[in-house]
Structure formats: C-alpha cells, structure tokens
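Each of the next two complexes has chain A plus one other chain: chain B in the first, chain C in the second.
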Partner chain A sequence: MYPSGEVFTVIPLGDIVPYLSTVNAVILGVLIAVLLLPILSRTDIYVEVDHRRPKIKAKIVTPREDRIKAALALTSTLASVGVVTTGDVFNFTLFLSLLGMSNMGLIGTTVGDDFALECAFHYGLMCLIASLPLFGGAALILASTGTLSLHELMKLPRGAGGWTLTYGKALLTAGVLGEAGVGPFYAVKVDSFRRIWGRYAFVIHLTTLLTFSRFMEILSLLP
Partner chain B sequence: MQLVPATVPELTVRMYHAAVAVGLAAGLIATADILADRNPLNRLTMTDAVEIGALALLASVGTDLAECLILPGLVVGLAELMATSEVLIARHSDPRSLPRFDPLDMEVLRTAPTALMIGLALYGVLLTGFTGGAVAGTGAAFYLFSRVNRPRYEEWRGMESLSGLGWALWVIGFSLFFLHPRYWLLALLLAGTGGILVKVGPKLSLFGYVMGYDVRVGAGDVPER
Partner chain C sequence: MSASEGFSRLLLSVRRPESMVSAYCLLLAVIAAVGLTHGYHYHRKQLYPRPEPQLQVKSGDPLAPYDRGGIPLRRPGIAVSQYPQFEPSRGWVTSYLTPFTRWLARHSRHCGTTIVSHPGGILDEILYYTRGLDTVLESSIMFVGFVIFSWVVRMKTVTEREMGRRE
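Take a look at the complex of A and B:
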C-alpha cells in the first residue's frame, strides 16, 4: 500500500518507473491549473500609487514582454511535475535541483531591481550549498539499502538500513529545506507578490509547497 | 542484510565511513568559508568545493549505480553554478568596469596546450568507452580554449585521416574476433580504440576547420606564433 493512496498508472520507464497515485494526481491537477492561469491571462495592468507626493503610475504589460518569466515558470512547473510523479530517490533530487534553479531565476527576474538580483544570488548560493546534503542523502540511502527505487524501498522491512539510513534521511531533509524550502522566503523578501510580475511569483510558492507534500511521502516510504 | 559481496576486502568496506566523513568535512569547511567571506565572487567560487564534497559522498558508494549518478550530479552542480554566476553578472555588469589585459607572451603558454592535448587524447583513446570519450574531448576542448595556438587549416588537414585509421582498426579487431577467437583481448582493445578514434577524429578535424576559418577571417587580437 502506497502512502499516497491507490496507484492509478505506472509508466515502466527503465528502472525509474514513475507512478501516479490519488494524492499525487490531485497535486498534478493543481499544478497544471496554476500554470494555465498566467498563460490564459492575456494582459496585465500594473498600477503604482505614491502617497507622499500624489502620483499614480500605470503600466500595461503585454504577453510579449514576459516571455522569459513564462519560460521560467514553465520550467519550474515541469520540474515539480517530475518531482511529484517520479519513482526514484535520485531522480527526485535532480528534479528538485532544477526546481531550485528555475525559482532562483524567477526571483531574480520578477521584480527587476538590484535587490532582487542580490536575493536571487543568495538563493543560488543556498541551492549550491544544499546540493551536498541532497545528493549526499541520496548516496547514503543507496549505500544503506542497495537500491534507489521507491517501489523496492517500500518492500524492505522496518529498520533495514540501520543508522546509515537515518543519517541519510536527515541529510535529505536538510537538502530539501535548502533547495526548495527557502524559496518562498526570498520571494517574500523582495516583495514580488505586489510588484509587477506578481502572477509568476505565485508559481514559486505553489511548487515548493507541493514538493514538500511529496517529500513527506518519500520519508514515510523509506524503511 | 548482506549488501556487500564477499569478494570485496574488509578494508574497502571500512573505508566507506571515513570517505563519508571526509566529504562532509570538506563541505563544512567550504560552508564556513562562504559564511566568513563577504566578497560575492569568492563565495561563488567556494561553492565548487561544496560540490566536490557532494561528489565525494556519491563516489564513496563505489558501485556501478553510483558511477552513473556522479555524472548527473556534476552536470546539475555546474548548471546551478552557471545560473548563479549569470545572476552575479547581471547584478554587477558595467561594461566600462570590465578589466582589460594585454596578452601574456610566455613560452609555456605556446607549447604546453599541444602536449597536454596529445597526452589527454591518447589516454582517452586507451581508456575507451564513455570515460575515454570524455577525457579525449576534454583535451581537445582545452586545446581549443587556449587561444594562443591557432594552427592553419592546411597544417591540420591530416587529422581527417585519423578517423579512417580508427575505422580500419575497428574492422581488424572485429574480424579478429571471428578468425582467431583466442586473441580476444587484442581484438577488444583494437575495436575499442578504433571506435573512439572514429568518434574523436571527425571532431578534431572539425575543430581544425573552425580554427582555420577563424584565422582566415581574422581574429583580431590573436598573437602570431
């Protein structure tokens, strides 16, 4: 029995074997709906009000202007689709790295000032540092159980991995925190919701949140 | 649960804990340096040391699967490094503040790339397979990037026959398998070396063609040999 409910489909793709279960299907639907939102909304009017000296500035954003942001949001969503459907621990970490990278790009480009770029740089440093516990945790899981496939890991008896697996779990948690968990923090820090490209900043929050629900499933799958 | 085969010596199994400790220690030292340094470029450079710690953790598992995992780990680390450096460039980019250098004129800069390239290509051909292709390609790329050496296309022309030679070696090795199966090791080496040479030869000749085109069009500041 899988922790995320009944398994609908299994894609027999070599030894990775992605699968789709009840909770993951709901998450996938939400992700695709959120990706469709900025694509279907055709124009965006951005109004800035300065209270100290009475001034109102309006800017109409055409879809042609935000092609880079749309591409980054698409990459982010596809990476989190990969995170949600994959059946392999190392594949999970790779998709998570792609997610962190595209979210870093979104934070750097949504607002368009120097402070946002500095925040994106710090997020990138965080991603680079977090790749050590991320890949190291996957390597420790491989070393302690001999497999990375979630379908095989589920069949192992409790306590099969010993302290190495516990250590690997801890490292993997730290890696997920550094790679995806700090993303919303930086997105809020540059105040990207209320700024001009706010509809793409929404993607950052959603993808990282849904990644966490998937990570909970992986933690409960491990012996 | 017995995971390690009995043929693996006990010492190798025991060294795993030491390898994990060393990888984590390398990462921690680099992280401490990142925390202490305020220069963004130094911080970005030190993340490469963290990446090496991650690769050490992956490599210390030491199975075929771990060998397969090192390559995507390396690629992902490089991609993150490039993305972050793009952000840094966008933050501090001012075309007037970029440094300009006069080209250095040293004997070793003219002679070393050729020797290194020949050594790496030969070693890569002997290694065969995927790793050999990577090593030989690294040698060729290094030669291409060191802009001091720019051979003329006429001097490079013989390189195209290299792939023909490799093909002949492969055919000899392949037929040796059937004619004299006792010499299977020789046949295997011939076929492997020939296969890599077939792959490397056209790329080298392509490099030569591109560089020759570059010289003929006139790459302004390339110093004469």
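Take a look at the complex of A and C:
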C-alpha cells in the first residue's frame, strides 16, 4: 500500500517508472489546470490609480516578457508533473532542480525592476547551494540501501540503511527546502501577486506547494 | 531597547533577500557538523572491487581508489545497474551517443568515450548506467539556465528601441 493511496497505473517508462496514485492524480489534475491558465488567458493590463492627483496609468506586459514567462511557467509546470509522478529518488531531485531553476527565471525576467533581479540572483544562489545537499541526499540513499527506486525502497524492512539513510533523509530535506521551499519567499519579496505578471506568480506558489506534498510521501516511503 | 523594538529589528534583518541565503548556509553548516561526527555503513553491493596494489599497500584505507574495469565502447565495466530489466536494451554507455559522437569515437583515439557524449562526464557514466532520462533532464536544466541568463543579459544590454528596429 502506497502512502498516497491506491495506485492506478505504473508506467514502465525506462528508468523513471512513474506511477499514479489517488492523491497524486488529484495533484496532477490541479497542475494541468494551472498549465492551461497561462495558455488560455490573455495578456494582462495593469492599472495604477493615484488618488492625490487624478492620474490613471495603464501598463501592459510587453509581448517579449510575456513569451519568456509563459515558456518558463510551462517548464516549471512540466517539471512539477515529473516531480509528482516519478518513482525514482534521483529523478525526483533532478526534476526539482529544474523546477527551482525555472521559478528563479520567472522572478528574474521582470522588465524594469532591479529589485526583482536582485531577488532572482539570491534565489539562484540558493538553488546552487541547495543542489549539494539535494544530490548528496539521493546519493546517500543509494549508498545505504542499494536502490533508488521508490517501488523497491518501500519493500525494505524498517531500520534498513541505519544512520546513513537517516542522514541522507536530513540532507534531502535541506535540499528540498533550499530548492523549492524558498520560492514563495522571493516571489512575495518582489510583490508578485500585484504585478502585471501575477498569473505566472501563481505558478511559483502552486508548484512549490505541491512539491512539498510529494516530498512528504517520499519521506514516508523510505525505510 | 524594548522587546518590541528588538523584535522589529530582527524582522528587519530577515527582510533583505540575501538574509535567507545566510540562514540557509548556517543550517547546512549545522547539518554538516552533525554528519562529520558519525560513521557511515554502505550497501556492500554498491561498492566496486579494489585492484591489487591498493589491497596490498593501503588495505583498509577508505580513500584507496576503486577499479571499475571494462574498456570504453567495447566492454561494460563493473556496475550494479539500478533497473536490471532494461539492461539488455540500454545497458551500454554507447547507446546514447549521437551520430557525430559515434563517428568521433570511431575515428579518434581519446575522444567520444564519456566526456564528449555526456554532459556530466565520468560520474554520469557511473550513476547513469542504464539510466537514460537523467542525462536528458540534466542538459535541460542547463538549457533553461542559459535561456534565462541570455534573456536577462539581452534585456540589459540591448535597448528596447534597438530591439524594435531589429524585429
């Protein structure tokens, strides 16, 4: 029995062996709905109203900015789909670093805002540092149990792996924190919801949140 | 300084975007300090054998190098594959070479084995034995990084008016 409910289907796709269970299917549905959101919606118009002086200023996202943000939101969502469905710890970490990278790009590619660029720089620094504990954790899980497949790890008895596996779990948690956990912090820093690219900021928050629910499942799967 | 003033000063210090990086590095340092004091036991199946000189000279030394065996592009080395059921079809490192790399490997002495064909080099060859998607994913991470970097640099260096003239 998997922690995320009954498994509907296991796709024997080479080395990632994705599987879809009850909770993951719901998450996947939400993700695909989010993916459709930037595709179907039109370019936003952002209106600034100054009350002291009667002044109304309208801003439109330039097509150039809109295009790169749509592409990065697509990459982020696809990486998140990979995170949710994959059945392999190492692929989980790889998808997660792709997710962190594209979320960093979503913040960084804001036109005419130096502070957003600075935030993206620090988020990128964070992703860079976090990749060490992330991949180190996956490597320690492999070294202590001899496999990376979640389907195999589930069958191992409790306490297999010992301290090496426990330390690997701690490293993996630190890596997930740095890679995805700080995404909303920087997105809020640049006040992203009230920006003209607010619909893409929604992608950052949702993908990182769903990543955490998936990470909880992996933690409970490990012996 | 009152308590509320100290609290607001603490919040102000966390407010800056670079403070989170420092806090995270502190967390990593604590985790590393905890990890240094413990011993580690590895799964015996995942260890490669050590050849003669290391066995004689430095027996018991954990830093003595391993020997993976095998000849590049001829015979696979000793590696415990993660998914043995896929080994017959994709067990060879050479199965992911592009036509150009295949040509390079055939016509040169030292190129085209692992460094040229894989983005990550030797380490990838060890870990990605029978793991094909990881290589694709890793290069896509690099690709996204380059896309973002080139876009930001282009927006910063080329002015909006010049870009409009070009399009």
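Remarks
Simple rule for what comes next: the second predicted complex is superposed on the first by the 208 of 223 C-alpha atoms of A that agree within 3 Å, B and C clash if a C-alpha of one lies under 4 Å from a C-alpha of the other, contacts with A are read in each partner's own complex, and residues count from 1 in each chain.
As a working rule, contacts are C-beta pairs under 8 Å (C-beta built on N, C-alpha and C of every residue); 3 or more make two chains touch, one makes a residue touch a chain.
Keep in mind that this is a model prediction, so the values were computed, not measured.
Clashing of chain B with chain C is the outcome of superposition onto chain A. Set side by side, chain B and chain C differ in how many residues of chain A they touch, and the one touching more is C. In the superposed model, A:186 makes contact with chain C only, not with chain B. When the two structures are aligned on the shared chain, A:70 is found in touch with neither chain B nor chain C. Legend: residue contacts after superposition of the two complexes on their common chain; A:90 is shown touching both chain B and chain C. Once the two complexes are laid over each other on the shared chain, residue contacts for A:129 go to chain B and to chain C alike. Of the two partner chains, chain C is the only one touched by A:149; chain B is not. Look at A:163: by the touch rule set out above, it reaches chain C but stays clear of chain B.
Contact with both chain B and chain C is seen for A:101 once the two complexes are overlaid on the shared chain.
In the superposition on chain A, contact of A:178 is made with chain C only, not with chain B. Taking the listed stretches 45-53, 63-71, 99-107 or 171-179 of chain B in turn, the superposition on chain A shows a clash with chain C for 63-71 alone. Shared interface residues of chain A, touching chain B in one complex and chain C in the other, are 90, 94, 97-98, 101, 104-105, 108, 117-118, 125, 129, 132, 140, 142-143, 145-146, 148.
Those residues of chain A that touch chain C in the shared complex are 14-17, 64, 68, 71-72, 75, 82, 90-91, 94-95, 97-98, 101-102, 104-105, 108-109, 111, 117-119, 122-123, 125-126, 129-130, 132-133, 140, 142-149, 162-164, 167, 170-171, 174, 177-178, 182, 185-186, 189. Contact residues of chain A toward chain B in the complex are 90, 94, 97-98, 100-101, 104-105, 108, 114, 117-118, 120-121, 124-125, 127-129, 131-132, 134-136, 138-140, 142-143, 145-146, 148, 160. Residues 1, 3, 16, 20, 23-24, 27, 31, 34, 40, 43-44, 47, 50-51, 53-55, 57-58, 60-61, 63, 65-66, 69, 72-73, 76-77, 79-81, 83-84, 87-88, 90-91 of chain B are the ones touching chain A in the complex.
Of all the residues in chain C, the ones that touch chain A in their complex are 17-18, 20-21, 24-25, 27-28, 31, 34-35, 38-43, 45-46, 80, 82-83, 86, 90, 127, 130-134, 137-138, 140-141, 144-145, 147-148, 151-152, 155, 163.
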